Amino acid sequence: MTDLTVTGDAPGAPEPSAPRTGEMVRVENVYKSFGSTEVLKGIDMVVRPAEVCCMIGPSGSGKSTLLRCVNHLEKINAGRIWVDGDLVGYRERGGKLHELREKEVAAQRRAIGMVFQRFNLFPHLTAIENVMEAPVRVTRLAKSTAKTEAAALLDRVGLADKLLNYPAQLSGGQQQRVAIARALAMRPKLMLFDEPTSALDPELVGEVLDVMKGLAKDGMTMIVVTHEIGFAREVGDTLVFMDGGVIVESGDPRVVLANPQHQRTKAFLAKVLS
Amino acid sequence: MTDLTVTGDAPGAPEPSAPRTGEMVRVENVYKSFGSTEVLKGIDMVVRPAEVCCMIGPSGSGKSTLLRCVNHLEKINAGRIWVDGDLVGYRERGGKLHELREKEVAAQRRAIGMVFQRFNLFPHLTAIENVMEAPVRVTRLAKSTAKTEAAALLDRVGLADKLLNYPAQLSGGQQQRVAIARALAMRPKLMLFDEPTSALDPELVGEVLDVMKGLAKDGMTMIVVTHEIGFAREVGDTLVFMDGGVIVESGDPRVVLANPQHQRTKAFLAKVLS
Amino acid sequence: ACGDKESSDTSSSPAPTVAADSALAAKVPDAVKSDGKIVVGTDSTYAPNEFLDTDGKTVIGFDVDLFNAVAAKLGLRTEWVSSKFADVIPGVLSGKYEAGVSSFTINPERKAETNMVSYFNAGTQWAAKTGATIDPANACGKKVAVQASTVQVDDITAKSKACTDAGKPAITIEQFQGQDQASASVVSGKNDAMLADSPITAYAVKQTNGQLALVGDIYDSAPYGYVVKKDQTAYAEALRDAVAALIADGTYKQILTKWGVEAGAITTPALNP
Amino acid sequence: MTQQPPAPEPQPEPRSRPEAIKAVPVRHPGRWVAIVVIAILAAMFVHLLVTNDRFEWSFMIDNMFRPPVIEGVKTALVVTVLAMAIGITLGIIAAIMRLSTNPILAGAGWVYTWFFRAIPRVVLLVLFGNLGILWERLEFGIPFDRQLGALFGIHDFSARLFGFDARTAISGFTAGLIGLALSEGAYMAEIVRAGIQSVDPGQAEASSALGMSRGLTLRRVVLPQAMRVIVPPTGNEMIAMLKDTSLLAFVPVTNELFFQLSAIGSRTFKVFPMLVAACLWYLAMTSILMIGQYFVERYFSRGYGTAQKAKARLRDITAESGGGTP
Amino acid sequence: MTQQPPAPEPQPEPRSRPEAIKAVPVRHPGRWVAIVVIAILAAMFVHLLVTNDRFEWSFMIDNMFRPPVIEGVKTALVVTVLAMAIGITLGIIAAIMRLSTNPILAGAGWVYTWFFRAIPRVVLLVLFGNLGILWERLEFGIPFDRQLGALFGIHDFSARLFGFDARTAISGFTAGLIGLALSEGAYMAEIVRAGIQSVDPGQAEASSALGMSRGLTLRRVVLPQAMRVIVPPTGNEMIAMLKDTSLLAFVPVTNELFFQLSAIGSRTFKVFPMLVAACLWYLAMTSILMIGQYFVERYFSRGYGTAQKAKARLRDITAESGGGTP
């Protein structure tokens, strides 16, 4: 489980310099602004390997931004993020931070799969080509190997019969499952999901959640932003409730959901569960 | 309640020529094709004044098409539709059907409000201008009167403070409520809703359903295509389940939901309620 | 169509062969003769002086035949480059062309900028639709077509000014990019008359099968000149002497007669007359 | 999965703000090479402008503001405005014709746009400059907006209202203007059509569901929204039209800017400086129009999710700087 | 609300299919008037073509297929292809420069597009035709794709690889081609840029989230999708370029189509038939390109929700016939 260790340091104390072992993600006192609006205001979070961390919170609370910071799609303004022990986006040398070169950032991102709310499949490629693209072009896997692996992955998400369909010929749920397969093709150590089912028709939500449950069972470390409370309760190891750029409350999903400690959490849950 | 009177006539018998009194909508043996695909295959349906008829059914079953036929946004290929006793889109004279002129179709549509899944607000007009547009331009209401009425309507849907916002400055739920106010501004006798909440974030669904509940309580005749089973159970007088272009089952929502008669209904409800 | 036949006839008859004169050749600057040819700028839309043959490539005309002979006298070939009329002299001044041969009437402005060698005498000749009565000396209120940038533009502008000064209506002047359009506009009745160099007008009258007729006499007779750079006087003198030699040996007369423009023959070419 | 008791302090108090990240940026040596190359080229160009005496700067400046040149500038602007005004009108008519369900009207609209878009403007203008060759008199029996037909054969139409001498009427300025306007109409027709088609059909549907007529829908709902799509290319057309007034020199229209500058060039044999002057004049005029277009476009995108747009743009920029978008 | 027991037969058996609706359609008298007007105009135009002897049809047909004219057609096509090829290359380079985060590169790209878009092509071509006025020799020290710079001042650059006589090299055909290509590059830059920007930023994001580099993302994800936006206007540019080869007549390039047709006109004084011939030639050539463009566009929209598109189109049509959309 995530423990939101408010590390023992007094306010203003020097930053701890590295994550402990046995942590897949460590987010430490992260701030992020867009222009003059501050979206993340001191986020601390730890995700251990094989853990499923679900994040909920009202619109605009900064959930997506936090996810995007974890794989350096957004640059943070202050704080540190480590994934699997490596500082994300920077190298610390001689007490100074150096931006990583594009190639190095890309290499870091390969270890992190990301699934977007709006799928973002490549519309000009078929399902199997979508899945093969990164292995073939980035890790320079032989085409035939990549093809076999892609077919296996698509089979795993239940799409063995849709290999040659273009995204436009797939339903939303099918597209999202292709997107998951595409992310898995790079054999990530960590998967980020940003409201993976919220753009889907209610009938199609289940099939995507099932695939995610399977992943969790297989021991994938996952951070999942979701409004599917049922999923969080059943699959999540931790539930994090964000509001206004801070983590208001977190803990075992069954505990948090049954007995929220904070007024804001209570109000939000009341709305969502109604 | 709607009764799906399979009228006593033997197959192939001459069509009954007019709706009975006390019926707001009468749909009789309606067929509709797009090109070679038949989308509606003999729909019969009656909605009485002040009744709320909810329609459910899988994607592609023809729910939207049926709604669009009721206000002649689509031309039917066979059968008849009456709204408030008037044949929709045609005039029967000397045993022949004559297309109504554009003006006459427009006049019929004024009695029928329609709310779309994707709101379809006019993006270049403010909320109040959206509501005033039709009364001022179509029924030639004085601008000042229209403005007062529009403000009252927007107040009724809980948007008294958003009169001057453009649609892009409103949340989805607010936009949909403006769309409802816009339809109400023409004082329709019948309201058609096509999945009015399915494009909304879960948090915003409630506010729109509340407005619709209010309308139902005020005695508006409504046909509502929806996936919100809770709404159908609570507010609907009838529930119609469509599949593959036919009405498979209909009746009291509580009865149909608790005890569906048909296999297809059972399967669908199992999916949606899970 | 008959015009076609004629021009192909004229172009197919062989140009007289001319022997080189090494004394003259020696006066040509190295910059010009080093490649064995003279690059000539010309506006090839001016029949019969210089225009494109039916093959769409070869520039032909009496100017062409004559200057080819002049070059041959200097032991050089010619390369004819089509240009816009207005761009020929600037091209010569910049060194883009080594000579400008495009029916340039010698006038003070041109002489001030360049060296000009006279080789022909042309005047301005008017034409109008057959049967029309128009007096070139008093064309006030008429519509007159002319090719842009020719000396006739100044001429007709002055005439128009004379009209207005005399309290009469001005001449409506329409300036065309090419002489062909100017002539065509008179044939169509769009304009009342045209004026151009005498050989041009004569050729137009001939080509339009009697739809046009000459009006009035040739006036403002002035020499045509070859244009070379101001600082190439020796070269200009060589050209002048070459023309004189051609007059002397009869080739000159032969070429002019071939094109039916012998009326404009001169006896002594001059540098900047 | 590790099982631990929930953290003892479930509500984190944000600690004091850590130091902002000021990282050493990545170097891009390739870029510097490109910049040096650009700098050398620019320097050489400036050197050329200053040292090559064929530019004759003082002569050029002397001559590029002479009254006939200024007259030419005015002509260019007047023709631009008139040709665009007529062209837009024709374009709207032709677009509505092409969108008609009636095949004959749609076909006529198509033929018009096809013909005038297929022929080079310069050929068209020279042709129009010579149209007087066809007739000596033109007579009108139908209103001005039918001038297209009029140009092509009204002389044996019986309902003659008035006539005039075609040789004077259709020449120079008029011929050039009509040619440009007809040509522009064809381009505008395509633009207006694309604009109308770009509007979400749901809009027209919502409008007719409210009982608004087709005309009302077009006027109040579709066209205002189509404007967003129509205005930017119309601005481009305007700029293109200003540039194409230079083609009037070949009609010819003698008080046109390019004609006047060329005339000075050929009179003085200083062709090159006058061509440079033409470039400068057109650069100046089109640049002003471009700036105008920028503001007009900004005006027409008001109310359309400006917030979203700004957000999208911001997102692009930040994603880019984060290494995301190319 | 009425309370009734549920209908006794809850599953309706669809009855036999009723007679299809065959309604008497609404009449549109206004349309008929318009059609009659169009018919009269068309008839008058045909009458004009047949009766007015200034068209000289037989002369025109005799002359419009002569070898030099065919040569001119070939030149037009060759120049179109070459100028577009160079222009597209320049355009992609300039677009990438403009999208660079480096202000100097972006600025250089901007200046290039601004300059060449602001000057009328005809002025540019005449200017290029006279560029020989500036230098007598050109010498090259940098590769061909830097020709822009070369044109503007390479004569005192030290790394001379080879040189040639500028008076012959930069004149006629070469000057015209370079002028058109540089101008086209500026237009293509804008098109490519718009195409790249039209691709959903989510695509680039997804791609970089997969660990693909910026260049890979551009090549494999962004450009293929941008093609859909780039291809149609490039087709238009191609057609515009074909038409603008007629401007080469003013460089002048003597083996150009319009020049050749005009030359026949000037030799024979039958200007009008030759202008009509020019119209017919350009009509034919551009029409063929337009047909080609139609197929290319269709090809490039493959895989992009063709089904949805067809559905949307169908919806338009049916809504229209149902009285919905204007």
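A, B, C, D and E are the chain letters, set down in written order, and residue numbers restart from 1 in every chain.
Everything that follows uses one rule, which is that a residue touches a chain if its C-beta (ideal position, glycine included) is under 8 Å from a C-beta of that chain, and two chains touch if they have at least 3 such contacts.
Protein identities per chain, from UniProt: A, B = ABC-type polar-amino-acid transporter; D, E = Polar amino acid transport system permease protein.
Source: prediction; values computed, not measured.
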{"item": "Contacts common to chain A and chain E (chain labels)", "value": "B, D"}
{"item": "Chain hops separating chain D from chain B, counting only touching neighbours", "value": "1"}
{"item": "Chain-chain pair with the highest tally of contacting C-beta pairs", "value": "D-E"}
{"item": "Interchain centroid distance [CA atoms averaged], chain C/chain D, Å", "value": "42"}
{"item": "Separation of mean Cα positions, chain E and chain B [Å, integer]", "value": "46"}
{"item": "Distance from the mean Cα position of chain C to that of chain A, given in whole angstrom", "value": "83"}
{"item": "Averaged-CA centre spacing for the pair chain E and chain C, given as whole angstrom", "value": "41"}
{"item": "Residues of chain E engaged with two or more neighbouring chains", "value": "54, 126, 130, 133-134, 205, 208, 214, 250, 271-272, 319, 321, 323-324"}
{"item": "Where chain C touches two or more other chains, by residue", "value": "87, 90, 93-94, 181, 184, 187-188"}
{"item": "Interface hub residues of chain A, defined as touching at least two other chains", "value": "73, 102, 106"}
{"item": "Pairs of chains in contact (touch as defined earlier), listed by label", "value": "A-B, A-D, A-E, B-D, B-E, C-D, C-E, D-E"}
{"item": "Parts of chain D lying in touch with chain C, wherever the complex brings them together", "value": "54, 126, 129-130, 132-134, 136, 167-168, 171-172, 249-250, 252, 254, 259, 262-263, 265-267, 269-272"}
{"item": "Parts of chain C lying in touch with chain D, wherever the complex brings them together", "value": "85-87, 89-90, 93-94, 109-110, 113-114, 143, 148-149, 172-177, 181, 184-185, 187-191"}
{"item": "Sites on chain B touched by chain E in the complex", "value": "1, 3-6, 9, 11-12, 15, 29, 31, 34-35, 41-42, 44, 48, 50-52, 72-79, 90, 96-102, 105-106, 237, 246-252, 255, 261-262"}
{"item": "Residues of chain E defined as touching chain B within the complex", "value": "1-4, 6-7, 9-26, 314, 318-319, 321-324"}
{"item": "Touch list for chain A against partner chain B, complex", "value": "58-59, 198, 201-203, 206, 227, 271-272, 274"}
